[in-house]
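Structures incoming, each one as structure tokens.
You will see two complexes here that share chain A, one where it goes with chain B and one where it goes with chain C.
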Partner chain A sequence: MRRALPREHFEKPLWHTPFHPRIAALMTHEQWYGWGGYLSPQVIRDEEMEYFAIRNAASLFDVSPMVKYRIAGPDAEAYCDRLTVRDVSKLKPGRVHYTAWCDDEGKVLDDGTLFRFSPTEFRLCCQERHLPWLLDSAIGYDVEIAEVTEDIAALSLQGPTSYAVLRDAGFAGIETLKPFDIRAFETAAGPVTVSRTGFTGDLGYELFVPPDQALALWDLLWTAGQLHRIVAIGFAALDLARLEAGFIMAGSDFVPAEHAIRADRRRSPYEIGLGWLVALDKPRHFNGKRALAAEKAKNAFRHCLVALDIDGNVPAEHALVYHRGKREVGHITAAAWSPTVKRNIALASMTRPYGDTVVNDLWVEIYALRELVYSKSLVRARIVERPFFNPKRRSATPPGVF
Partner chain B sequence: MTPPPSSAGKTWDAIVVGAGHNGLVNACYLARAGLDVLVVERNDWVGGAATSRSLYPGFLYSNCSYVCSLLRPEIMRDLELPKHGLQVVPYEGGVILKQDGGYLGTFRDHDAHRREIGRHSLRDAEAYDRYSAEVIRQCRFIRPFLLRTPPDPTSLKPRDVQELLYLGRKFYDLTETEMADTVRFWTMSIAEFLDEFFETDVVKAGFCISGIIGTALGPLSPGTAYVLLHHYMGDVDGAIGAWGFARGGMGAISESLASSFRASGGTVRTGASVDKVLVENGRATGVVLDGGEEIRGRLVVSNLDVKRTFLKLLEEPQLPADFVKKVKNFKIRGSSGKVNIALDGLPDFPALPPSAPFLRGDMHFTDSVERMEGAYDDWKAGRWSADPFLDMMIPTTIDPTMAPPGKHFMSCFVQYCPPKVEGHDWTDAERDGFAKTVVDQIAEYSPNFKDLILHMEVRTPREIERETGLTEGNIFQGELTFDQLLFNRPVPGYAQYRAPIGGLYMCGSATHPGGGVMGAPGRNAAAEVLRDLKKPAKDMSDAYPVL
Partner chain C sequence: MPTPSFDAIVVGGGHNGLAAAALLGKAGRRVLLLEAADAVGGAARTVDLAPGFRVPEIAHLANRLHPEVVRRLDLKRHGLAFAATNLATTSLSVDGRPLTLAGAFGERLEGDIAEAERVAWAALRGKLLRFSGVLAPFLSQVPPRLKNGGIADMMTLGKLGLGIRRLGRDDMREFLRMVLMNIADVLDEEITDDRLRAAVAFDAVLGTSLGPRSPNSLMTLFYRLAGQANGVQAATALPRGGMGAVVAALASAATASGVVIRTGAGVASILVEDDRATGVVLASGEEIRAPLVASAMNPATTLLSLVGARHLDTGLVRRLTHVRSKGTVAKLNLALDGPPPFTGLGAEGLTGRLVTAPSLQAIETAFDAAKYGRYSDEPALEITVPSATDPALAPAGQHVVSINAIYAPFRLKPDSEAGREAFEARILAVLERHAPGIGSRIVAKDFLTPADIERRHRIPGGHWHHGELSIDQMFMLRPVLGLAQYATPLAGLYLCGAGSHPGGGVSGAPALNAVSRILADGKGSSLFAAGGKSRR
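== the complex of A and B ==
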């Protein structure tokens, strides 16, 4: 497999996504960042307004740079079942599930979503690139695997009014789409594949079209969205929403095993809060099963991921976690003051038994830079349930209009 | 030639034979520890194989070594080399031009690099991160050993036992998979190693390069994966595996070392060729120069390779027979040549996009592992490669100090080039024939190249040995194969920088951790000398921890 790329591809290594013209037109402060080789907005106009669009109205985020693989063939189900830790035989056509995949030592390579379009066609969406691993795992399976990131433009429409936006944009029957359903819709922008998924923990949808339909789709949603307070958002707003939803990110909350230089940085699913995905009892063998079964049988997890509610209102980014204020037992991987739940929240990677059986007397050391002076404080942290925020509208079918 | 210092008849605390970069590093540390040190150098200039020579008006040639990555940052800092004029500037990219008119570039930008590989294979593009992670893992394992004296595995001295335990502990810190990978990495061929990651020939050829440079082995020879590691374990300001140019050419490294040495009270005497090491009552007591002048020293440190040190500067009866045999068997084979060119302008490469940064990096024309191995086959037959492998740089695309504006210095490292041609010594006509293969190869891809040549210096192993003294012109002072590394470098039992003769030490690349402009052998040898003298190693900071 190779790709016909222009020879001058390197002149601007951050490529434009199919939605770039619309986002660039809205962008006021040129706050871009690089996401997997694409120019992506960090903030389009105002980070706080963008965040509240997610929780108050409707937000539109360009997820085209998300890495996508098409997996198709008679053995596609068996292959996906071998590749990933969840039981793929339980994933019906027209459904998506969140999953993870591991190397043979049971260390997480990545997490992502597996879409099942038909008995024989799947799509894997993720953050990292895995083609060699996917191809090597396919030996012996009658399956074709293709990297299709650039062939599919994708938008994430999230927030309480997102259903109303789609309804008014002419997505007939969208009200019956349940969480994790996938369905194709005929629209004024052409056929659009919609899944009721997202990274915000709120009511929301992800929409997929061929790149040449991208701008028509954007315009359709944008026009219909005007009465529903639609706002184009950058990653900064999404990052806060995903933390409230308790979602983890490769490269932030765990290091993908193939990229981990230091062996002790790799994590099993059990060690990053994904143990619930691992279907040790599924009939088929899967990558990492033997190691994971042994780890589970021996209760040999060395780490765990916890949600923390931290005293005070200073975000604990990059802070260390201490037991009894003395012993270092973990570190914060993501932290923020949550505007929606009005709590100082964080995710932390802990060294067991801390965070697992030893859950009391945890403290976080926070350095707050205030006018060029660091104010250091040791504050109490309590382990709480994830997600921090889980509104009923997220799963209501039919969804409410706001 | 430096006139003999007026101190005739004095006894120096230490005499360092050879002003190569390791000799100078060694001398610097000894001088800083308070020793009265003399460096004697055969050439009229310092630097050995790290020189900048003005061989054509207005141009400086890095005419031996040509790029810098391995020089340990601890040494640069300890010896205040920046204050003495050293600056290392990273270079930008690289390219392999293919015979079919295509090319594979390398880019510093991660995404650009991935897409560039993706033009050839999507799988290989996504395998790249996996591959670099593996190489960096291996680099991290080896780095802590660079500035440590190898343990003697047969010794029960507390220090040896302690060092052996350190080595063992580092190994047992690895996971089971990493242990297996490490052993494989140290013994495999680079081609086999790359087969486990990549499928495309040109991609593999690109990564093979570091596995063969300076080595009389082909990409299919076992042991070449380690050679790759050796080229990756350096850094430019923390960017592991990055290479750069010393501003002003590689001589800037030696000049800064010499300047640092003089600032600590050291004396350099150039134009002084050592004929023999003086040995009295089984101890080295000085050197005799060509012409008979005797210089006395309490100890002698040789920067020369082991063959030159023990087979030329000493008499065989002065040495243990077994040692002499092992020195004779030490593999130090000539495998490379160098063509240095002054250019009237920048050559055109019509196959390359004009906006690409390739000319500001390393350029190559060998687009498959097979062609690379084929070039090696010629060497085995005692011929220079008909289709040679080139590591070509134009440092003046980055360094403004080496040629007049608009003109360029081009350095071509060439493999393979035998020490003798089909068993006989090189003739000048053969040297020109060797140069022709190089010029013709470049001209195949650059139509205006030949017209731009103002001057050319061609160096086969004969010329390299003649000027630098490196046996057979071997750039590493001995092959970097596993049998000649760690406590087996250069000779088992003599890996701790001490010769079998009291007061005589070795500090060249023939000792651990080996070649490249690294300085580590020079520094480690200084540490051993000072240990014997029971003097604290002043200004020798600890090796930086590998976090």
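== the complex of A and C ==
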């Protein structure tokens, strides 16, 4: 289904999502940005309030621009298995898993979530658009692939009180939904598909409806959420939460292989901390397997992605990482002062062996702009475990009521 | 399952498959060759046209049979002989003024032609032969790997560079200026005689989807000129017994080195286990195992149909599905109850190769139709009369005529399929114009369009080269990037047919290169290298 473009579409090149009327009504500072061709909020009212809603109450984020593909047919499982690096035969109907997919050379094209609705129907959600790749990958498979981004409106409801919001909104039985489960619910806003997933590392859910039900769903959650301090949020708050959760993002923490102009910017899953996804032992062949197996056999990884705990409280955005304060060995891809763990955290892409076997004596050179003058400081950085923040409530079933 | 009794299976018994099998056999491997058709030879067979008449079914002229193949397999001892070598090419003209290019690529011009033109031709010919000579090694050796290449790869590249440098400064500049030109522009600069221009342009475009004015049509001429026949560069020859004689000699050499040849044995799929090719399954369901499978059939068909996309990465699948392989040449074979009555051509003329194209522009116009999915109104023809030098091919006093006709596009406009008969009639009309009365002498004929060739010989698009021979599908990009080294992503599976570098024509070169690659790979591995010799 394609919406016809309005005649003057070029005057406002960013499209409105189905939730736009509600978000626009709450928006005070007009801090929008473009996400996959849609107008999306960066901040709706106040970045800090929005962030704290994620960690202390309930946050509502419009994820409709997330790219979604429907994959269905007798060969759907075999197809998803050949496309992605994880073993899809282990993904049961009604479950979601996080995964990644590679080109022939084993370089990551994107990461995303794979939903399995039935033995023969899947949905792939991701950041980048891949239809030509997905279609060419389907040669030889009895499977139908369609981009359904526009056909599905999606909301991410995240935070400790998110369960309570859904319960009060009439999602009967939501308490038994486990992390990475998918289930359909009958609600006052019509049928809603819910998965217990999210990008915050907290208790949370993602909800999917046809676009014409979008506003009814928003209103249902908004009304039920008032008692539970629901806050509509923009991407800025989410970006901080995802860093605390240690999630990486295409375009920020790695360059999708299809976008990389410089061949050495492409990364294999092993080089961006996604090695654990790669099922080299799964029975079916998958894209990039030969290259990845060879890379692994020869231990030929050139890079690695690490989590850093950095001295001080100045976010190390865009900073370089040094060994012994001299040798440049990596760069920061995401950094922030974490209000929740109260540490100066960052993700960094490192050139091996630094970050891999050489893990001590790492320094970060931070430039902080203070009243138009840069102050430069070389501070200590320690490699720590990801995620930085991983609360128990994230996975407790039934979820707690906060 | 009994232990495999073959070290290698070669799929496809065209001349390349036979050459690969024979070379592997010579290297001590126990080889099984599987051919789907009832006879080996592929597009290089001699067939019965009518009782007492035998014709080269498709390929008729030998101009690139690799001397290494002839030498290593001792093909002369296995019966290979030529009925005629160093064939002259005669550019026919309806007004009875044929121009003959005698010797290799018109060493001498015979016929009425201006002196200035002779001089200009001698200079251009010399230049083209020098330049194709520089490319010749590149056009026959294993193409270099650009990334992670070894010493051999650097040597190949280095030799090309050196060859270009050796041309001297002026020639080097000229080479670099010309290398990507089209043949029409080259001829426009130097030659005015229509018959000569047409004959040269014809050689450049025959077997390709190019017209004389299409980009890079000089490269395809270089490809042709880089070949040799019986030791003479750019020459053409007629094997005694038709092209099938090459096949017969190869089959004899193969058998002599222990190769088992099975015909009527179409391969339905290649077995893959643990990312290795481990054998084949025949259309009959029979399973045959061997640690090495060399495919001498089309590369895209091999990988997409016999192996299956499921074992390949998407990027490779994508490239394979994009290989352009749409033939443009139709074949008409005639049996005549007397000699073909070509105007102004004595008995001597019939022993050579005849080309009918009134002008370079006429070829370009013929190509225009093909570009838009129609058969040419005025096809250009390459004609041989094999029985003129090889009387055994026809009853006494009678003849067989073998004709390549361009352009017959594989992909036709929806309403043009019916044009098949009309196209055959147009070929006969052109023939009639040059040989009045020839039509009434026909006692049997066989007409093949690219679609017919695809059906009969399993050649995608009926393409001369098993994939268009153009810059983007040559050298390191043939058949596609990542497969140019004859090896495939599946261990134990190699490609060795015309779809691989350097390309088509009856040469045996892809097989020769592939086998040297296979043997080099085999050296380090115990898998099948130990096999043959010790058991033999």
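Here, the second predicted complex is superposed on the first by the 393 of 402 C-alpha atoms of A that agree within 3 Å, B and C clash if a C-alpha of one lies under 4 Å from a C-alpha of the other, contacts with A are read in each partner's own complex, and residues count from 1 in each chain.
Everything below uses one rule, namely that contacts are C-beta pairs under 8 Å (C-beta built on N, C-alpha and C of every residue); 3 or more make two chains touch, one makes a residue touch a chain.
Predicted model only: the values in this text are computed from it and were never measured.
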item: Chain B versus chain C as contact partner of A:Ala78, first or second or both or neither; value: second
item: Touching partner for A:Arg129 - first (chain B), second (chain C), both, neither; value: first
item: Partner chain(s) touched by A:Gly312 [first = chain B, second = chain C, both, neither]; value: neither
item: Partner chain(s) touched by A:Pro179 [first = chain B, second = chain C, both, neither]; value: neither
item: Touched partner set for A:Asn287, first chain B, second chain C, both or neither; value: second
item: Which superposed partner A:Gly190 touches (first chain B, second chain C, both, neither); value: neither
item: If touched residues of chain A are counted for chain B and for chain C, the larger one; value: B
item: First, second, both or neither for A:Ser137, with chain B first and chain C second; value: second
item: Which of chain B and chain C A:Leu5 touches, first, second, both or neither; value: first
item: On chain A, positions contacted by chain B and by chain C; value: none
item: For the chain C and chain A complex, residues of the former touching the latter; value: 275, 304, 308-318, 321, 482, 489
item: Complex contact set, residues of chain A against chain B; value: 1-5, 7-11, 13-14, 34, 36-37, 105, 129-132, 135, 147, 258-263
item: Interfacial residue positions of chain A with respect to chain C in the complex; value: 78, 82-83, 103-104, 133, 136-137, 139-141, 284-285, 287-290
item: Residues of chain B that touch chain A when the two form their complex; value: 105, 107, 109-112, 114-116, 118-123, 125-127, 129-130, 133, 136-137, 140, 174-175, 177-178, 197, 353, 355-356
